[in-house]
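You will see chain A twice below: alongside chain B first, and alongside chain C after that.
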Partner chain A sequence: MTSSNSSWSFVFVTHLKRDFLINFRSLIDLVSIISFMFLIIILFILGVGPFKEKLEIIGNAIIWVGLILSIIPSLEKTLQKDFENGWFDQLATSSIPLEIVLLSRSISYWLIVMIPFLFAAPLFIILLNIELKAVPWLLLTMTIGSLAISLIGLNGASLILGAKRGNILLPILIIPLVIPILIFGVGVNEAIKMEADPISNLLLLVAFTLIYLVISPFISALLIRIAIAR
Partner chain B sequence: MLQLDSVSINRGNSVIFSNLKATLNTPGLNLIRGKNGSGKTTLLRTIAGFIPIESGKVIYNRKDITFRKNEWVKKIIYVDSHNGLSEDLTVFENLEAWLNMKGWSSSKQKVTEALKSLDMDKYSNIYISKCSEGLKKRAALVRLYFSYIFEVKFWLLDEPSNGLDQASILLFKKMITNFLQQNGTIILTTHDKNLFNEKHNVINLDLLKELRAK
Partner chain C sequence: MLERHSFVINWLANPNRFSKLTNKLQIPLLSISTIMILLGLYYGLFDSPKDYQQGDAVRIMYVHVPSAWLASFLFLSLAISCVFYLVWKHPLADLISNSIAPIGAVFSILTLVTGSLWGKPMWGTWWVWDARLTSMLILFFFYLGYILLSNAFERKIDGSKSASVLAIVGIINLPIIKFSVDWWHTLHQPSSILRMDGPSIDKEMLLPLTLMMVGFSLFSLFLIIINVKTKLLEKKCEALILKLNLKEFS
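Let's look at the complex of A and B:
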């Protein structure tokens, strides 16, 4: 049986399926994200020295910086592979908007990063001596924040498509844009630690993420169209 | 009729074409010829709608395709040297993903039939990373089978016979003959002068550039 089904939801779901298959088959990339994050945290712990109090003060910041830095190296590959193998040319022959495809790509990338992170989170929480009452908030903010980082990251990855030294450019492009996410994400966790109200920071974090969710697929689609036209 | 009406394309500061005029047979077989670097692939990508035109128009059925991109892309299948295949997916999964990307869904049986058209059914569960260049090309060309089902009118092919063995070329030629019999239009670039016996229209880019220079 054959049928034409050009509904956006159909394309969204089928692209998610494709991205999941590809990413879970290159398990080494997933493992490298978590291993890299683990190493960053270990480096901080060793750098701070045997002072539990110091670690308690900067623990939230370390875990956030670790997440941001570990996501960036894998971002380049997510689009570069499909650009080099000609998949984006094929996408340009689809009547489905490229924006829908890129939204699906951001969501799949986010889930692929977040699922292993959530599994590894207990280890990071123990290592950084984070209080138990702060854990649900930390996981919530990092889940929201990582969506924003994935969306911004995909914009950066689209911009460097075909560039020769893209891997060097990518962190320079992305890091300034994720600063608001870092500030409000850490802000929520710090408020919890000080027993203050975290809602205002949380709402700002959600607001930034929603803004990126709306504009990011359009920016990526525009950049990819330019890359295809080169 | 598909017409290139005074098409100019620039890339950065270099001019690839300026005021290119040509008429392509629709339906029919059209070969784009020219030396290396003459702009064959660029022209094919322009017709596909990937490359913005600096000035001029690509007209199909008296309408400029630039302004009807959504309608136009439904009518075409594009295959080039990059193939558009993911190394981490099998031949079957790649074909299925491509169908879904086009907004088409098809039963496993139909996908298997398509793979049989280029004798690829026995490789259906092989990862693209394990395929030779010839097999990759065949895995990409298998998409053409779906033209008959989803009313595709145009095949845009960039050096489609590269990497194919003699047996695959024969199967591919058979697909071409069938498509032409069903009033399809094929626009392809090739260096192989002996590839086709069918009547065809040639767009010789070197000749067109020389004429314009005079």
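Let's look at the complex of A and C:
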């Protein structure tokens, strides 16, 4: 295969389709993410107490924390299977750049996370009494933020390839890196609630996501090459 | 210039030479750092002025500031030695970063603990979610992640490279710690030593603080050297056992 741009985009699209279909047809990810998120929200509401004023204050934060925590458990599986059955070894010896494969994989993971989330969003919004004018902003920031979280998450998943007790390690490695996304994402939604200008926080959120979009595939590819060499 | 640097690095990279050099350094390092810390404690606790606002509580600074400085500096050196390990693949660099990590983690805990002890009388609370404190806590989690990840594999050597990548990524936290007091309005006071217009701290406070800083740094260097030497010996033991087993086998 010649390494021209057109063949790279072909590789990207093919892998995107493959990974998306694998995850979509198994349905376990979809169900686990959505139910996990519901349970986190329920835990929060029961812990705080069902008072409308309190929930108004922390509603945005609950949804964001729910999103981050519900993404993490299914992350390990995204790379583990292909690593164990030798798919990555094959890719690494072929002329297909691993970076493109990993970029497509994080984007397919992002789509997998976003589909259940967008379907469930109306319910969350009703459960947490979020104002109608804040809803488009919430969905927008969630969409951008979850892309960044998927990219970071894939880095984390490639860090623990072949480790024992990797699934316990994963949250410790990912959550410190996700913090800026949480801060700026919640910042936008809080600004909307206070009727302030959300644009600076939004720009920072987008900037972080774009930076991750550029560097994360390279880091993941480096880590997978390290993991293969073990 | 570059050649000379690489010569120095190569010269030190030999484990035997490293042991010889550090054998000579060990005792002076320990004695000098002990003397400096004792002197610094004396000056800091008995012979330096009270702060006009904070009173005697300001003396926590003489432990708090050096450990905070070392926690960040050790993370930087950890990341640098990880770069050395990833690029030149020298096993000694890996041993060094493995030895730095727990010491840095302890210093970051020490920073947080002394900071909250200082915060109680000054701010009226053990902990505030201020940018400086939070980023320091995150630094601790980076240390923790490094230690856990490098020990998460069947063979120790397997985790080293992945953990090195993590440490290098973690460097982005250091400028956040450094500038958090300037970027956000926080309870934590801004820097008073490394400033563009010279230190704004009182001269009599600067003396014990410098003594403590240098003492702490030398002491942690001593600890790192001991750690590295222990790990080198462990490796030698492993190699010996392997050799014996091979002999029996043949």
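Please note the rule applied: the second predicted complex is superposed on the first by the 224 of 230 C-alpha atoms of A that agree within 3 Å, B and C clash if a C-alpha of one lies under 4 Å from a C-alpha of the other, contacts with A are read in each partner's own complex, and residues count from 1 in each chain.
Basically, contacts are C-beta pairs under 8 Å (C-beta built on N, C-alpha and C of every residue); 3 or more make two chains touch, one makes a residue touch a chain.
Not measured: the values here are computed from a predicted model.
Novice: Does the chain A-based superposition show chain B and chain C clashing or fitting?
Specialist: Once both complexes are aligned on chain A, chain B and chain C fit side by side.
Novice: Could you tell me if A:Ile96 is touching chain B, chain C, both of them or neither one (first, second, both, neither)?
Specialist: first
Novice: Applying the touch criterion given at the start, work out whether A:Leu222 contacts chain B, chain C, both or neither, answering first, second, both or neither.
Specialist: In the superposition, A:Leu222 contacts chain C only.
Novice: Touching A:Lys77 in the superposition: chain B (first), chain C (second), both, neither?
Specialist: neither
Novice: Report for A:Trp87: first if it touches chain B alone, second if chain C alone, otherwise both or neither.
Specialist: first
Novice: Going by the contact rule set out at the top, does A:Leu173 touch chain B (first), chain C (second), both, or neither?
Specialist: Touch status of A:Leu173: second partner only.
Novice: Once both structures sit on chain A, report the angle chain B, chain A, chain C from C-alpha centres, rounded to the nearest 10 degrees.
Specialist: 90
Novice: So in the superposed three-chain picture, is A:Arg230 touching just chain B, just chain C, both, or none of them (first/second/both/neither)?
Specialist: both
Novice: Per the contact definition in the header, classify A:His15: touching chain B only (first), chain C only (second), both, or neither.
Specialist: In the superposed model, A:His15 contacts chain B only, not chain C.
Novice: Who contacts more of chain A, chain B or chain C?
Specialist: With both complexes superposed on chain A, more residues of chain A are touched by B.
Novice: Give me, in Å and rounded to a whole number, the least C-alpha distance separating chain B from chain C in the superposition.
Specialist: Least C-alpha distance after superposition: 5 Å.
Novice: Per the definitions at the top, what is the overlap between the chain A residues touching chain B and those touching chain C?
Specialist: Residues 230 of chain A touch both chain B and chain C.
Novice: Quick check on the complex: what are the chain C residues that touch chain A?
Specialist: Residues of chain C touching chain A: 138, 141-142, 144-145, 148-149, 152-154, 158-159, 161-162, 165-166, 169-170, 173.
Novice: Residue numbers of chain B touching chain A in their complex, please.
Specialist: Where chain B meets chain A, its residues are 11, 45, 48-52, 70, 73-74, 76-78, 80-89, 93, 97-98, 100-107, 110, 149-150.
Novice: Taking the complex as given, what residues does chain A use to touch chain B?
Specialist: 1-7, 10-11, 14-15, 18, 21-22, 25-26, 81-82, 84-87, 89-96, 101, 228-230
Novice: Given the complex with chain C, which residues does chain A contribute to the contact?
Specialist: Residue positions touching the partner: 155, 159-166, 169, 172-173, 175-177, 179, 219, 222-223, 226-227, 230.
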